[in-house]
Amino acid sequence: MAEQLRVGMVGYAFMGAAHSQAWRTVNHAFDLPLWARMRVVCGRSPDGVAAAAARLGWESHTTDWRSVIERDDVDLVDICTPGDTHAEIALAALAAGKHVLCEKPLANSVAEAREMAAAATAAQARGVRTMCGFNYRRVPAVALMRRMVEAGRIGEIRHVRAVYLQDWIVDPEFPLVWRLRKEVAGSGALGDIGAHIIDLTQFVTGRSIRSVTAATETFVKSRPLPTASSGLSASGSAERGEVTVDDAALFLARLDGGAIATYEATRFATGRKNGLRVELNGSLGSLVFDFERMNELGFYDATLPAADQGFSRILVTEPEHPYMAAWWPPGHLIGYEHSFTHEMRDLIEAIGVGKDPAPSFTDALQVQLVLDAVARSAATARWTEVESI
Amino acid sequence: MAEQLRVGMVGYAFMGAAHSQAWRTVNHAFDLPLWARMRVVCGRSPDGVAAAAARLGWESHTTDWRSVIERDDVDLVDICTPGDTHAEIALAALAAGKHVLCEKPLANSVAEAREMAAAATAAQARGVRTMCGFNYRRVPAVALMRRMVEAGRIGEIRHVRAVYLQDWIVDPEFPLVWRLRKEVAGSGALGDIGAHIIDLTQFVTGRSIRSVTAATETFVKSRPLPTASSGLSASGSAERGEVTVDDAALFLARLDGGAIATYEATRFATGRKNGLRVELNGSLGSLVFDFERMNELGFYDATLPAADQGFSRILVTEPEHPYMAAWWPPGHLIGYEHSFTHEMRDLIEAIGVGKDPAPSFTDALQVQLVLDAVARSAATARWTEVESI
Amino acid sequence: MAEQLRVGMVGYAFMGAAHSQAWRTVNHAFDLPLWARMRVVCGRSPDGVAAAAARLGWESHTTDWRSVIERDDVDLVDICTPGDTHAEIALAALAAGKHVLCEKPLANSVAEAREMAAAATAAQARGVRTMCGFNYRRVPAVALMRRMVEAGRIGEIRHVRAVYLQDWIVDPEFPLVWRLRKEVAGSGALGDIGAHIIDLTQFVTGRSIRSVTAATETFVKSRPLPTASSGLSASGSAERGEVTVDDAALFLARLDGGAIATYEATRFATGRKNGLRVELNGSLGSLVFDFERMNELGFYDATLPAADQGFSRILVTEPEHPYMAAWWPPGHLIGYEHSFTHEMRDLIEAIGVGKDPAPSFTDALQVQLVLDAVARSAATARWTEVESI
Amino acid sequence: MAEQLRVGMVGYAFMGAAHSQAWRTVNHAFDLPLWARMRVVCGRSPDGVAAAAARLGWESHTTDWRSVIERDDVDLVDICTPGDTHAEIALAALAAGKHVLCEKPLANSVAEAREMAAAATAAQARGVRTMCGFNYRRVPAVALMRRMVEAGRIGEIRHVRAVYLQDWIVDPEFPLVWRLRKEVAGSGALGDIGAHIIDLTQFVTGRSIRSVTAATETFVKSRPLPTASSGLSASGSAERGEVTVDDAALFLARLDGGAIATYEATRFATGRKNGLRVELNGSLGSLVFDFERMNELGFYDATLPAADQGFSRILVTEPEHPYMAAWWPPGHLIGYEHSFTHEMRDLIEAIGVGKDPAPSFTDALQVQLVLDAVARSAATARWTEVESI
């Protein structure tokens, strides 16, 4: 029997459910040096967390996150709570010598993120591993995109075009859930989904954003206070409160290496449900990804004879593609949740062989610095440099 | 704690792995009257089945399928073996009072299928439930297609256009795996994937195929004998054997209600990996499904003003769509394996509330009768009636 | 100044308008050995033909097609009338030593088509050229498809999948226009649009259909008599008449060389406006064309590394693509009418250099023989051989 | 016989050829109050312009544009030259009382554009008409987009997402054609293709850009001097010259009415040939256009029941769609050149009935002011207001 990796998870809403599905599945899909065991789940509501433990498959449950960290039979703390609690939980877990997986964005401020990255680096020396959960890196088509860029298939990158389009709050009567409150979420579309395309594009290009010019907008200024909330859906009361985060964030960027880029994150793109799209144009070709067709990668190979050139739709379901040998025959698609299963696979693998998984807390801090530059640029109406790590 | 439904599964290759993923997941995704428990898995190779039990999450394992049926702690037998063994196992299981889930095609001959359907009907009186595993019915977009046809959204159906296109044996050196041997598989593309589009189109239209005219073809007549095989992939030896099944089967059909149809099942459609596509044209609109984009349904509403009409791409990920309230927010896709999780959901639900699940063995017999008519038509070069049940 | 090719056109409805646009344009788009001159247009209605001459740009007009043929200043007769008049006009024109371009289908019966082909062959010895107007061959993407098949890019062809889907008579109150009357049109969807996919697939594959099994259907048995008609649109009276042609024609086919094929031509595919689609699957790759995206060709190259394979969307607008050097920069699309301009280009070029254009009347006779075999198969419910030329 | 509109065209390269095709066709496609007559074409090369006259169908030719303006038998001057000559020719033509159609961008500077707009306004009082040739407004799908926005189909517009992507100068050895020289072209991608998406988005939304923040980039700093050039293709010599325009221009914008927008114009988007794409997201729906599929319009109607919503692909080929009643049956596509034929149609119609066509020189001046704001923002790295007209 494989050695175990005993997990304690904090938070059991949308992200908690997705992580649970991954923890339940990862042992059965991949051959790994450690066997993940779902030891304990933690949440604020005693009833809620008990039901969640049963539903999601956790062995035990608690309402006290500190107790999770204190348990000897927990090796890794998986943080799935809103951003305002990431730093406190992660720092405590690292101090207790636990490995930490923290959902993105790493924190609600650069200061917190810096502290977390420093703690992670310190813990690393003691063999403690940390990872920030940018799950989209683990979509096979995205991992293939990375592999193809690295192999030089599109040459020198000139353009990055990234959008993350959702529409779940277009209705002005959609209530003021926690994701719309700055004190909990840190920011709106920017940190929630903008962070994903920042990380994803830096990951696939291997380049960092150096400077930005930005606009943010809150189209709907006040909303009904929520009466109940679950994941991204909710119902509202008669009383209204102020929306304190951005509904949309747009920015232009310059990356090192000379590429220029457009980014847009919005929750007001009517009809776009989870429209994370990235296009890279290079001197030898282009690559295109759209999460709403997440099993496909578009590739334009400009080194082919002119009459043969065209965007090809690679169905990323072959055993030769990243992660896919573990799944079904070609053409049998995988889904959103698989990105988390792959994330857990990579994390377990890294811990098992004693390497640092990626993205590290420092990588996540860099994303935070970009978010911060965007916010500063939106406030000053000027091109703004991204701070150094 | 919910009452249990204790499952014994026979066969652990491609279908066994897909079923296992579904059995592992179904309790965590849906609220059900019974809690599925993965009691025992059975296979012919002692080492293979032991490894499969560990990998796929079964509590125990055996090489004797009769022992599975004899166990008191097994309520349902899940048959994932090749078609030549379905009848014997299913009949024994029904005789032992077990519920039975049997993979498609139900059997390798009409005679077997008739016997199985009769046994299922007899067992039904004793509260024993049977179901044939046409999983594609449970793809949300397909279930939505069914719902829209039933609601009259496309009016009277005139055309059915169904293909199931794969390409995994285009290479003439791909070995002679069991799916290419008539004595094991019954037929080739016809029974393997043709059966799916027969069932699916009859399901979504609510109409039965009445007569057919057909062609079948074996493009590659001999292949290397296999040295090892797993799922759809394999390696071959220097010795060759005769391919005894069809590589491709095509037929035209007339359905009751007056629609005319084209069907094509092939393993030689280069570049089409799992290209199950169905289009229905009705007097008021059309519906289109392509499994390679399984989270989408195409809908043309001819009742809209002329200038507004167009095929719409419905992203079938809303809570209002079949099965989807259990999963992720809109736009967060699901995959192939979810069709099995939904299949298990419907099966458990039916058993739990004491109803017969669909498709029944009799429904599956009717598909077998169509397969038989296709084979007879191909042999006689004439339009051929489908036998009555 | 270039020598002239003086054209007399018979018929000025839909096809006449399309041909006129091509005759007006071809001199300006291509460098040709002859300068096309639009000498005379002929039609049955004196007012109609006068208006058409002015509108479409013809120098003169007449209601007597024999006078067109008798004119010394006409070199080529372009026949754009319904099929029941093709034979008489073409035979007379050939007898008078005129080159003939005849719209498809060549005739309404095999007997007529045989006579026309024989006359064309005889005329050929006197330097008289004939061509049948299968314009879709001249869509650049189709011509490219042909070129790629010929170059062996998809290897040995196994599957042909062809549909031509329209929906203009789904409404049972659409009137009984000439295209729905057997005595004028010869057949319905079969000869009108089925003929196109027969010719196109035989052209691109370089293979002939050898045998067929078919079904034809007339969904709407009677329709209002038309009060006025123009092109494909019309209005109806209170009185009804019988529809004497097929609404839809479907057939399976075997081609020489071993490929098997499905064909479907229908006017009842709701939402499909001009859905001419062809897919070829070969041992080394596949090609896909859809007229509703006529500037694109899909190509799957199975000789690429497995991880790179995918259907590529070739935008057929490069100067390296057939016919396209004459038009706009890459990505600047062309339309339906350009297929006729290219047809006229090829015809003028052939006449100018003294070669026989393709498709010849004999090629068109072969299509007629396939249509005839389809009709006979539909009547006898048996696989049916295509007669030899 | 209709009264004539006698045209003199200056310039006969890419735009001249496109305009000529439109002038040759417009009388035959539309019923118009005036019959366009192609009187004279003007160009700098005596041989070139003579050949062009013959090829493009002009009655006469000259190398002196002033002579065109002086001719009594010219009613309208059509300016198809590079931007550095627009002002001089247009001002002279207006002074001579000729109607003027001027290609976009109106001028190479705001000062010139202001002078032209003032002259046009003055001429208007004398019944002289002016129009700037933003042909994409006349693509039927774009005109339909406009109509749907105006009808309130997508509600209040929140997001505009516009790109114009080309790739014809990705190769650093592509020569330094006039479009890459600031003194002739004014700017690079910005004025050439950026101007199109500025006009198009302002047209379809009915809103103006108020402020911008921008980046421009020249990826390839020097190129071979051209030895010969035609349209967008050319060959180069060994000697190199400096590229003095932008290869790419990106900007964010705020529109009046509250929408925020991203714009990108580039000639370095490998694989994108004429990728003019616009998406509008409104409170009630969305609209999407992609020129590479110019016969289609995407429409998302958020007022439908949730389970029915999806982006529909409207094939804009119905007689109910703008301009399309003049052309072929539904599903029979039109091409790039038709946008010019429609432009001429609208222009002739306006002149014939004595109204001012759109877009006026003043509309075009406003586009120039946006281009200018983009250039200033790129230079200052700040959000920049668009000057008032």
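Going by the order they are written in, the chains are A, B, C and D; count residues from 1 in each one.
In this section, contacts are C-beta pairs under 8 Å (C-beta built on N, C-alpha and C of every residue); 3 or more make two chains touch, one makes a residue touch a chain.
Every value quoted in this text rests on a predicted model; they were computed, and no experiment measured them.
Undergrad: Go through B-C and B-D and name the pair with more C-beta contacts between its chains.
TA: When B-D is set beside B-C, the one with more contacts is B-C.
Undergrad: If I average the CA coordinates per chain, which chain comes out farthest from subunit B?
TA: D
Undergrad: Give, as an integer number of Å, the spacing between the C-alpha centres of subunit B and subunit A.
TA: Each chain's C-alpha centroid was found; their separation is 35 Å.
Undergrad: Let me have the rounded angstrom distance from the C-alpha centre of subunit B over to the C-alpha centre of subunit C, please.
TA: Roughly 41 Å, centre to centre.
Undergrad: For subunit B and subunit D, let me know how many angstrom lie between their CA-based centres, rounded off.
TA: The computed centroid separation for subunit B versus subunit D comes out at 54 Å.
Undergrad: If you look at subunit C, which of its residues touch at least two other chains?
TA: Each of 272, 309-311, 315 in subunit C touches at least two other chains.
Undergrad: Where on subunit C is subunit D touching in the complex?
TA: 14, 18, 20-21, 24-25, 27-28, 55-57, 166, 168, 231-233, 272-275, 291-295, 315, 317, 319, 328-338
Undergrad: Quick one: in the complex, what on subunit A touches subunit D?
TA: 154, 158-159, 161, 163, 165, 167, 170, 213-215, 217, 219, 248, 250-252, 254, 258, 260, 262, 264, 266, 268-272, 279, 281-286, 300, 302, 309-311, 381-383
Undergrad: Which of the residues in subunit A come into contact with subunit C in the complex?
TA: Touching subunit C from subunit A are residues 144, 296-297, 299, 305-315, 318, 320-321.
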